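Heads up: the structure comes next, in structure tokens.
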Amino acid sequence: MLRFPLARTATVSAHCDLPCGVYDPAQARIEAESVKAVIAKANDSSDPDFRTRAVLIKEQRSELVKHHLWVLWTDYFKPPHFEKYPQLHTLFNEATKLAGATGTKGTMDAEAADSLLAKIDEIAEIFWETKKA
Amino acid sequence: MLRFPLARTATVSAHCDLPCGVYDPAQARIEAESVKAVIAKANDSSDPDFRTRAVLIKEQRSELVKHHLWVLWTDYFKPPHFEKYPQLHTLFNEATKLAGATGTKGTMDAEAADSLLAKIDEIAEIFWETKKA
Amino acid sequence: MLRFPLARTATVSAHCDLPCGVYDPAQARIEAESVKAVIAKANDSSDPDFRTRAVLIKEQRSELVKHHLWVLWTDYFKPPHFEKYPQLHTLFNEATKLAGATGTKGTMDAEAADSLLAKIDEIAEIFWETKKA
Amino acid sequence: MLRFPLARTATVSAHCDLPCGVYDPAQARIEAESVKAVIAKANDSSDPDFRTRAVLIKEQRSELVKHHLWVLWTDYFKPPHFEKYPQLHTLFNEATKLAGATGTKGTMDAEAADSLLAKIDEIAEIFWETKKA
Amino acid sequence: MLRFPLARTATVSAHCDLPCGVYDPAQARIEAESVKAVIAKANDSSDPDFRTRAVLIKEQRSELVKHHLWVLWTDYFKPPHFEKYPQLHTLFNEATKLAGATGTKGTMDAEAADSLLAKIDEIAEIFWETKKA
Amino acid sequence: MLRFPLARTATVSAHCDLPCGVYDPAQARIEAESVKAVIAKANDSSDPDFRTRAVLIKEQRSELVKHHLWVLWTDYFKPPHFEKYPQLHTLFNEATKLAGATGTKGTMDAEAADSLLAKIDEIAEIFWETKKA
């Protein structure tokens, strides 16, 4: 019996407010998982070229995490959402800061990737609540 | 009680083969849903500037559908997959052709968007089968 | 006698916190002025191809406005700033929403461009205050 | 009393010749300052991952310097400008070559960044002269 | 008997001056041919959505023409070339201006595309002369 | 006597099927030659920053190889071509996999670049055959 999460996701996330179209925090999460996977692979390797590529790919993926989160924050969420969830602004700001790997945490820190995923999950939880409302 | 599809998706789609990282056909599907939504909105509107923007956004989203599918085809699927699923090459070629809105179907055809979604679902079904294997 | 605003701007805006480097709200403002200029030109023209290009270019410039603002919001401003200027989150959210020309204002509305410029100026005022601090 | 260079810059740089819109050498200068800042930070660090990111970010910023200069050279400056300022072609060619860090100067040379800034300032000086004309 | 221009082109165009690598004016020409083809198709069509897409694609292709030409001008050609071919600066400036379809020629003018191709051929002729030198 | 491959290439490669316009495998080949040149330069150098840039540029060029090949596979080649050349799907899949430097070959392997060029030549040979048909 086939497991098929896509069809269900699609049903829920359909949203059509041109120019924004369809929103889904999964886009940010997939890229953030990629960041985490790249960090793990890089820390397991001793090949300097491999590590260079890992840093480069991590940088690109982090940019995509930031972009997808920014789009949600600006295009999907509306003033009533920010009223109902006053933590939303800070949540997005912290999540995108984590995605940028700013601060003193260093760029190959697996825990930073986990914190990023946790923040995205918090955002996604609110997102899906607003879709049900 | 909160519905939360992301966490589950994440568990399943984790895949770490640098430089590819994490694959998920949801990326292509989200963009294809966006294409479909844009077409519907455009066909409901009589504002020419709105339609221009719709054509433009649809073009960008279709490019992303193609890109995400190409990445799956090249980076995720391996020779044994193509042996087990001999239809895979044609499936991807047809799906990306549909995403490019080539052929005589015209650029604002809702049925083309549905065909594209159906192709992506076929690909996703195979994708999730290979993940279970 | 030569007027030369660049050198002075440079002195003030120097900021070096890799990965962010140098910040300047002028980047967002230049693109927003471009949006305004494109709208004016488009509304003066009756050539449909010209208008199509105007819509397209306006879309690209608006994306750049959003991007430059998002970078400021995530990478330059830090928690103490948000504490001191509690309106900052809303200001950025409204500015990027305006840049996206969301809402019911339509895409060729000169007043929306003026509102966007005014929001960017509010942000810039706070930005330069924080640089002096 | 608030210092506010943006508003003034905006007044001067308004320019509306679709498809080019608004020009301002500040765009190139901001990115070039970023290049300089990145070089300084990289040379102060002994973390190889940090340095990799610095090289990567410097590369992206240099590309943006080149792009903004190319746009000025092709889209803003017209034949009468090149007649009045016969050094303009060489100035732009040298500035973009410096931005590309070609030649034998190496990629982390702070002096190359200073030379680049000086070239951009020469271009900006001519630019603002032509705006007054 | 197979015609195979690629292999020969490759032999001639090999050039390895990192960061520039391999140069070939064919890159600009292919995109310029695409511009010309798009103009022809657009002028043959009465479908407004098709024309919108044509304007959009033409814009993207023109950007690529400009980019490839700028790279040649900045990265391939060196001071001795500009001394030997004093017309080179003007040639590149005019070619990129044509690619930008600036001026009063309008955006769907087949003759502008032909002029662009002719300029690129002039550049290519000089390029191949310098490769033989 | 001037050698001038461009004009001839242009004659042959003209192809106008909007939205695709003009196809030419030379686009992929030029980028693949660049990949090869970058690998050679990197392997000759002992400067770690230079090597970082080489890895970065190689990554970008490889992406372009993949992109140009994907476009050919999806937009140029049609079902009758795949029927006549049943090896085409595998050829493109292998070529793009090589461009992605997947597998165990490592990222600075000159032989992988040669294999990539050979695959592109096989594709180009079929491409030019279909143009003559």
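Per-chain numbering from 1; labels A, B, C, D, E and F assigned in written order.
One rule holds in what follows: a residue touches a chain if its C-beta (ideal position, glycine included) is under 8 Å from a C-beta of that chain, and two chains touch if they have at least 3 such contacts.
Chain by chain, the UniProt names read as follows: A, B, C, D, E, F = Superoxide dismutase, Ni.
From a predicted model like this one, the values you see are computed outputs, not experimental measurements.
Number of steps on the shortest path from chain C (Superoxide dismutase, Ni) to chain F (Superoxide dismutase, Ni), with steps defined by chain touch: 2. Shared contact partners of chain B (Superoxide dismutase, Ni) and chain C (Superoxide dismutase, Ni), listed by label: A, E.
By residue number, the contact pairs of B-C overlap by more than half with those of exactly one pair in D-E, A-C or D-F, and this pair is D-F. In terms of their C-alpha centroids, the spacing between chain A (Superoxide dismutase, Ni) and chain B (Superoxide dismutase, Ni) amounts to 19 Å.
If you average the Cα atoms of chain B (Superoxide dismutase, Ni) and of chain E (Superoxide dismutase, Ni), the two centres end up 33 Å apart.
Measuring from the averaged C-alpha position of chain A (Superoxide dismutase, Ni) to that of chain E (Superoxide dismutase, Ni) gives a distance of 39 Å. Of all residues in chain C (Superoxide dismutase, Ni), those that touch two or more other chains are 19, 48, 50, 52-53, 56. Chain-to-chain contact here is organised irregularly, matching neither a line nor a ring nor a star, and falling short of all pairs touching. Interface note: chains touch in the pairs A-B, A-C, A-D, A-F, B-C, B-E, B-F, C-D, C-E, D-E, D-F, E-F.
Only residues 48, 51-52, 55-56, 59, 106-108 of chain F (Superoxide dismutase, Ni) touch chain A (Superoxide dismutase, Ni) when the two sit together in their complex. Interface residues of chain E (Superoxide dismutase, Ni), counted against chain D (Superoxide dismutase, Ni) in their complex, comprise 17, 19-20, 66, 70, 73-75, 77, 82, 89-90, 93, 96-97, 100-102.
Residues 47-50, 52-53, 56 of chain F (Superoxide dismutase, Ni) touch chain D (Superoxide dismutase, Ni) in their complex.
Residues 2-10, 12-16, 18-19, 21-22, 24-27, 29-30, 33-34, 37-38, 40-42, 50, 53-54, 57, 61, 117, 120-121, 124-125, 128-129, 132 of chain D (Superoxide dismutase, Ni) touch chain C (Superoxide dismutase, Ni) in their complex.
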